[in-house]
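Next come the structures, one after another.
Next come two complexes built around subunit A: one with subunit B, the other with subunit C.
The block that comes next holds the complex of A and B.
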C-alpha cells in the first residue's frame, strides 16, 4: 500500500500577459511579453512560455474560432487562456495538486490534474483582468495618446507591473477558490423596505451635487444599493472595497483622513473620506493634495473613467463616482459633501444597525450555518446576487469535488440571450456520498448540497424541496 | 390708497348686493344669520326691502308695515322667512306672520317681558332666543294660537353678548365678574359651556374687542388686546376644542400695529383689517409658529396688503355707465361674520374672498406655501400648479429636500383619507344602521397619486425624474400607501429608461410596485430592453399566481416543457389543453420536445380515459399524424400493437 507522504495543493506557477502584435520582426520576441510573473526568471524562459502559448492558441484556432482556446492540461500543469481584448492574451499557469507517495521505498509523485476545475480558474483569470480594467482602464486605452508604439508598450508594461505585482500577492489561495469565486456574485443586504428606500434615495446626492454621477452604498461587506453599476463592475468595486478599505480597519495606518475631518476621528476612527494610497497612485507618501482614485466603469454603456470618493460613516461605506472629465474635486467640495451628508448617513447607519440587531434577536434559535446542516446556494444570473450558507471562511468543509461539480453544472452567464435557459432539475451523487440537487428557473440557479450516504432519491428530493421552501423567502417565481 | 404694486390677496365679491343707502328716512339692518339686508323706510310704513343672497341671484322681499311707534332696534326673519321679529322697545318683541311674502298685519303677536332685551336670535323656524340683562330664554311661537311660550331659560346677569350663528353659540359677558361664558343655544336646549380663561380675574373685556369666528370647524373667541410690554395689538384666540367644548387659549396673532382693527374669517383664515394703514393681515392658525407655554404665536402670513380696489358700476343713462371707485376701509363700513362687508352709505354688501394666486407670489417658502394651500378650499389646482413648477422649470437639485417635505405633507393628508375610506368600507357590511354610516368628508385639499402622476408625466425622461419618483414612493411608503397602477407604470418607465434594473428588481422584490397582471404585462412588453425586466415580470406574475400568463410567456419562448410542467402543477392534469401544447411543441421543430409532450398527453389519456388515444374533442389529429410520421416509420419494423 502506497503511503501518502505529502500533498501539495494547487498553486500558481506563472501568470503572463502578451500581445503578439508587438513583435514586428524576428529577434524582438521579448516585446510580446508585457508582464510575466514571477519576474525573476530568465527572459528566455518567458519568451519560450509565451511562444508555446501562442503556438497552442494558433493551433487550436485552426479548429475553432479565434478565442476559443480556453485551457491546456498537461501532467503537471494546467494553463488557462483568456483573450480580454483583441490580440491581448492572459495566461494563468497552475501547478496541479500532487500527492507524493512512498511506493516500494521510492517517492512517487501522483499528479491529480483532474481535480482542477477549469471554469473556476478561468473565472479567476478573468477577474484578474476585470480588476485591472476597473482601476486602470482597458489595455488598449493605456497610453493611447502616445504615438510611439514602443513607448505605449512601455507604459502598459509599467502599469501591468505595478498592478499585478500587488494583486497577485493578495490573490486568494488558489486551492480554496470555489464556485462563489467563479460566479463573481455579491451578497445584497436584506433590508426593510423603508430603509431600502432611504438608502436608495441617498442617490439624490447627485441632484444636489451634479458632478456626482452615481453612488453605491455598502454596509459592512454587503451592498445596500448598487446604483446603475453593471454586476461585473459592482463585483470589482466590492472586492476593491473589501480588500483595500475594510481590511484596513485593523491597521488604520494606510488611511489618511483628510485634515479637516480629523475632528470626527475621536468619535469613530473611520468616519469621513477615505483617501488610501493605491498601487499606481502615488508612492505611499501622504503629499497632502492626493488625487482621488480614478476607476473605470461603464455607466452609460461605455467604459469611462470616474473619480471615486469613498466616504465612511459608522458601518456604511459610500462610494461616489465623479466624472473624470471634470477637474479634480477640491477640498472645499469634500467639506461641503461632508457637511451635507454626515449626519444623514450616520442616522441611516444607526437605523440599519438597529434593524440588524432586531433581526439577529429574532433569528436566534435556528442556526442553519452549523456544520451538519444542508448547504445551499442560490444565484440570480441577472443581478449576480447570491444567497448562501456555504462556509466561506472555513475552507474544506465541502470537499473539492463537490465544488467542482457545482462549477461544472452551473450555467455560464456570458451569453446574453433574451430567454432564460429552460428550467431543469438535476440530482448528482458524488463518489463520496454527497448529493447535489440543482434547479434552475427564471434566470436563477439553485443548488442544495446534502451529505447522507443512505439517502434514496426520494429522500433527497424531499429534503431539497424542504430547503427550497424554507430558504426561498424572497418570493420569486419558482415552479416547485 | 396703497395699491402701488398691485398684488392683493383679499378682494370684494364682484357682484355686491345693492340696497337703499342709509338716510334720514331709511334705516338699514343686517341679519347675519340669514345674511339679509333690511332697508326700512319711515319705520316700515313706506316699505321694507329685504335682500339676501340666493342660489342664483339675490332674493328680494318687499312689503309695507305700519309704524307702531318707536324706532326699530332690530329686525330679523325666521330661517324660513315666515315670521318676522321686530324689536322696537327695549322690553318687547313683535312677531309678524307672513303669508307668501306679505305680512298678515292684523295678526301681530307682541311679546312683552320685564327685562331689558339686548337682542334676539332665531334658533329654529318657530323658536327664538331672547338675550336680556337677566339671562337667555328660548321661546316657541305658535302663530295659530297667537301664543309665545317659554321653552327653556337660563338665568344669568348679562352685560352684553355676541352671537355666532354658524356655531349656535352666544358669548355672554356676565355682569358679575366680567366672565365670558359661551352658551350653546339650540332648539329647546341651552347649554352653558366652561368660561373663557382670561388669565387675570375680573379682567374686563369690551364688547367691541371680541369677535366670534369659526375656523377648521372650531369656534374661536378672538379678543383684541394690547401687548402689555410693547403696547402693540395682539389677538388672543381661544378655541372651543377642549373637553366639553371648553375654550382654551391656543394662539396669539401678533399684529405689530396699533389702532383700530376689525376681524373677519375667510376660508379658515383670520383676516385682521387695520383701518389707519388700510391693510388686511392674514393669519392661519394651522401654520406652525413660535410656541411659548403651549400657546402658538403667529406672525402674519405675509406683510399686510390692502383689499383689492373695487370699481362699482353705477346705473346710469349714458351707455358707458359711471364707475365709482369705492373707498376701502371706509368709516361707513360695517363688518359681519364670517366675511361680510357692508358699506351703509354706498348701499353695498360684499363678501370678502381670498385671492389665492396672488398670495402664492408673496410666499417664497415652498413648504409653508404647501401647508397653507393644503388648508384652502380652492387650494388644489394652485398647489398642483406650484408642484408642477417646482418639478419643471423651477427645478434645481437642491430642491430635493424641499420636495421631500412637500411630498410628506401631501401624503400625510392622503394617508388619513385612505384610512378613512378603508374604515367606511369595512364598517358598512357589519353595521346595521346603514343610514348612520356617515360619508367621510374628504380633506380640504386631497392630492392623490393620480394627481401626482399627471405632473410626473410632464417631466418624463428627464435626468432627475427617477430621483423625484423614488422620493415620492418613499414618502408614500412612509405613510403606508401602496403605489397604484399608473404610478407603478411611470416608475417602471423611468427606471427602464435610465437602465436602473437593479432598483427595479428590488422594488419588485419588496412589492413596492402594484402587483397586477397589467403591470406585469407592461414589464413584459419592455422586456426586449434587457433580460432583467423579463425576470422581474415573471417574478411578479408568479407572485400574483397568474400562471396562465407565465405559461403563455414560456410557450412564446419555446420552453414548452417548462410551460407544461407549470400548467400541470397549477391547472391540474385534467385541465391542461393538449392541442395548445402540442401545437407549441410542433412549432419548436424539436423532435425531442414534441415526443416528450406527446408522450405526456398519451400518459394523461391513459390515466384519465384508460386509453392512449386522444378524445375527439381535443382536435389533435394533425399532431397524432405528425407523431406517427416522425416516430412510427422508423420503428415500423416492429409489429404495431394496439
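The block that comes next holds the complex of A and C.
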C-alpha cells in the first residue's frame, strides 16, 4: 500500500447564488451573479462557474422536466444545486477529500469524492437559504416595491452579501457534518407533565397581550415548547438562538441588555430582554431605542414578518413573536411584560434545573454516554425531533464510515409524501465490525449502533430490541 | 519451446488478465471491484502488446510461415468490418423506419426523454457514434452539449463524473478518444453505470482495437467512427439489452453487475472429458491461445495457454458476439476479434463453429496465426468426434433441453420462501443464479429485483464504506447480502419469513452449493 503523506478534508470551494433572468443581453452575464463567495476572485471566473451550472441544469432538462438538478460530481469537486425560488439557484461547491500518497517515489493525489454524502451537504445548502429567509424574507420579496430591476437586484445583492459574508464564517466545519445536520432536527427536552404544562402556559401570554402571536421556549439549547412554528422555522430559530444569543454568554460584545433590567441571578449573565444588534443593521445608531429583530416565519401558512423579542430568565429563553404589521413595541411594553412574567419564568427555570439535577443524580448508575455503550438515534419525521446519545461533539468516537452509512440509509422525508414510507427493518454490518440496526415505521426512524465483531444477526436483533424498549419510553417523543 | 520461453519473460505483466478477483496486486478484492477502470488506464499507458510478443515468438520459431508487417492490422480492421456486415442478420430494426422520423425532434419527444436508460457514445471532437434510442445524427446538438461539458470541465484540470437530478443519474466516462455517457432512471449507481460503459467501450475496442482506433483519430480528429463500426450495431444493442430496459426476462443483467460470467452446469466427469478432448486435440497446435466452449450464454470449458487467462469482461464480449450472431449456427466462421483486457492493441483470430447441427454448443478457437483456419477446423472436427464417442454431446444436449438445471431447480423448490439468489465465489468471477420464477417473471417485477440487487451490490462494494452484511425487511421481500472471505451471497425471500428461518435456509443453500461446487463452477481453467 502506498504511504499516505497527507489528507485534506472536504472543504468549501465556493458558494454562489444566481438568477439567469437578470441577464437580458449578451455582455451582461455578470448580472446573473447575485452573490459569490469567495469574493476576491476574478469576475470572469465567477461568470464561468455560473455558466457551467447553467449548462448542467439545462442539460439535465433534456431528460427530465422536473427542473430538479441536484448535484454535479467531478473528480475534484462535488457541486450541490438548489432552486429555492423560481429561477433563483444556489450552488455549493466542495473540494472533495484528497489523500496524497507516495507511490514508487512519486506523489499521487487520490480524490475521494465517494466519501461525500450528497444529502448531508444539500441539506446544509438548503439551510443556507432557510436561514437567509428567516432573517430577510424570500429573494423575491426583497425590494419588491422597487420598480427598477437593476436597483432591485442591487438591493438583493447587498442583503445577500451582508448575510452570507457572516453566515459562511459561522458554518460548521464541513468535514464533521453528519446525519443530524442533514435532518435539521431538534432535540426537545423531555419534561414531566406538570412542568411541561407550566411551560405551555406561557403561550397564554397572547391572551393578556394580544399583539403577541406566538411564543417559543428553550431551556439552554433544548426546546421546551415550540408553539405552532413549522419544524424548519423552529430549526432556524433554534440555530439563531444558539449561535447568536446563547453562544454570546461568553462573549458579550454583540449583545446589549436593556439597562433598565437589573441582573439579579448569577447563573446566567443575562436576564431580561436581549436585544441583538445585527451586523449592518442599526449599527452605531445609538438612539436609545433599538428596533426589535424582524424575522420571517409562516404561522398562518404564509411567510410573514414578525418582531421577535427574546427574553431570558436563568437558563430559559423565551421568544415572543409580534405581528410586524403593527407598530414597533415601545419600552413600556417591554416593562409591562417583564413585570408580568419575570418571577413566574424564573420559578419555572429553577424547577426545571432541580428536576434535571435529580435526573442526573439518578442516572449516574449507568452512564449511557460512555464510549462502549450502544449508541442510538431516534427521529420523528413529522415534528423533526430527535433523541440520541450520539457523541456529536467528539466526532471521532464513531468512525466516519458508520456515520456516513447512517446518512445513506436514512430516507429523505419530503413534504410531498403524506403517507408514511412502508415499515422496514434493516441491519448492516460494516467491514470494521460495527452493526447498524434501522427501523422505520409511522414517520419515525430509529437507529441503533453496536460494535461487536462476535455478534450474530440474531444477537444484534435482540440487543437492538432491548435498546428500543429501554429508550422508547419518552412521552414527548411519542405523544406529540 | 520458444513460445513458452518468450512468454515466461512476460508473465509478470500479464497476470492481471487472470480472473478478476485473483488480481496480482495485494489490494483486497473488495475495494478493487470498481477500480477496473483505473487498471485499464494504466494498461493503456504501458501499451504493451501480448499478441505481438506471441507473434514474435512464433516468428523466430517458424520464420517462413508468417511475416507480420505493420500494415497488417489495417487489413484486419477491414476484415473485421466485413465480418460485422456479413453476420448482421439479427440487426436491430427498431430505428429502420428512418424515412418517417427524418425531421424528428427527440429533445421534445416525451417518449424519448422518458426512456429508462440512454447510452451515448461520441468522439472527443463531439462526433456522434451511437445512441441507444433515437438516431444519433438527429441528436447532434445533444452530443455537442456533452462534448462541451466534458471539455469545459477538463479545461480546469478536472473531469466530470456524474450529474444527479430528480430521478435520473447521468454517468460520464472519458476513455481514449471517446466519451461515453449513460443516463439512467434505474437504481444503478454511478459506479455500476460506469461498469456498463466500460463493457460498451470494450465492445468498440473488440471490433477495432485500441491502436487502430487511435491511429484513425490521430489522422483525423473529426473522424466519423460509425463508418468503421457500421454493421456491428447489433452487438451494442444486444450488450445493452442485458438489463431491465430490455424486453427480455433474463438473468443476464446480473453478470455484468457482478463482473462475472455464468457456467454451464455439467457433471464433473463430463466437464473433464470435454476439457481433455479439447486439450488432446489442440495441444499440438502452435499459436492457439484460447479454446472456449459455450452454450446458452454459459461457459462449458475454457482451455488456455499457460500464463494467460481471459478476463470475465472479455468473456462477456465473446458471449455477446455468439449470442447475437445467428449466422454462426449455419456455418463456421473465421474472424478477427480483439479481447481488450487481454491485449487491446491486437486481434486474435477466432475460428467459431457450433459443435454439430444437433448440439448447440459453440466452440471458439482463438489463435494468433491468421492462417490457421484449416488446422483449427480439423481440430474442431476431431473434438466433435471425440465428444460424440464418449457421449458428452448427449450430456450437453440433455442439459440444454431442460428449461433449467434440474438439481438447482429442486434445491430452489426445496426452499419455497426463497425467490432468487446470486452466489459468487471470491476465487472465481463466476456467478450462480437460479431461473427467474414468480413473481419476477414479469418485466416490471424483474426491474424491481434488479433494483434490489443493484442497491445491495452497491452497498456491499461501496468503494469508501463497504459492508459485510445487509439484512433488510422490505415491503414485498426480505433481502440478504453477505460477503465472506470465500463467497458473496445475495438472496431474496418472501416478505413474511422470519430471521431465524432465513438463516437456516441460507445455511442449507451454502452447504448444498459447497457440495455441488464442481457442477456449477470451474475452479481452474485447464491449460494446453
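Operating definition for what follows: the second predicted complex is superposed on the first by the 456 of 480 C-alpha atoms of A that agree within 3 Å, B and C clash if a C-alpha of one lies under 4 Å from a C-alpha of the other, contacts with A are read in each partner's own complex, and residues count from 1 in each chain.
To be clear about the criterion, contacts are C-beta pairs under 8 Å (C-beta built on N, C-alpha and C of every residue); 3 or more make two chains touch, one makes a residue touch a chain.
This is a predicted model, so every value here is computed, not measured.
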Once subunit A from each complex is brought into register, does subunit C clash with subunit B or fit beside it?
fit
Under the stated touch criterion, which partner chain does A:327 make contact with: subunit B (first), subunit C (second), both, or neither?
neither
In the overlay, answer first, second, both or neither for which of subunit B and subunit C A:112 touches.
second
Between subunit B and subunit C, whom does A:428 touch in the aligned arrangement: first, second, both, or neither?
second
Identify the partner contact of A:27: answer first if only subunit B is touched, second if only subunit C is, both if each is, neither if none is.
neither
Kindly classify A:227 by the partners it touches after superposition: subunit B alone (first), subunit C alone (second), both, or neither?
first
Superposition result for subunit B with subunit C: lowest C-alpha separation, Å, rounded to 5
Indicate the residue numbers of subunit A shared between its subunit B interface and its subunit C interface, in ascending order.
422-423
Under the stated contact criterion, what part of subunit C meets subunit A in this complex?
26-27, 30, 107, 113, 118, 142, 145-146, 148-149, 152-153, 157-168, 170, 183, 190, 459, 462-475, 499-500, 503
Where on subunit A is subunit C touching in the complex?
1, 52, 55-56, 58-60, 62-66, 68-77, 112-115, 118, 401, 404-405, 408, 422-431, 457-458, 461
Give every residue of subunit B touching subunit A within the complex, in rising order.
397-398, 400, 464, 467, 470-471, 473-474, 477-478, 498-503, 505-506, 509-512, 527-528, 531-532, 534-535, 538-543, 550, 557-559, 561-562, 565-566, 569
Residues of subunit A that touch subunit B when the two form their complex:
188, 193-194, 196-198, 200-201, 203-204, 206-210, 225-229, 380, 382-383, 416-420, 422-423, 441-444, 474-480
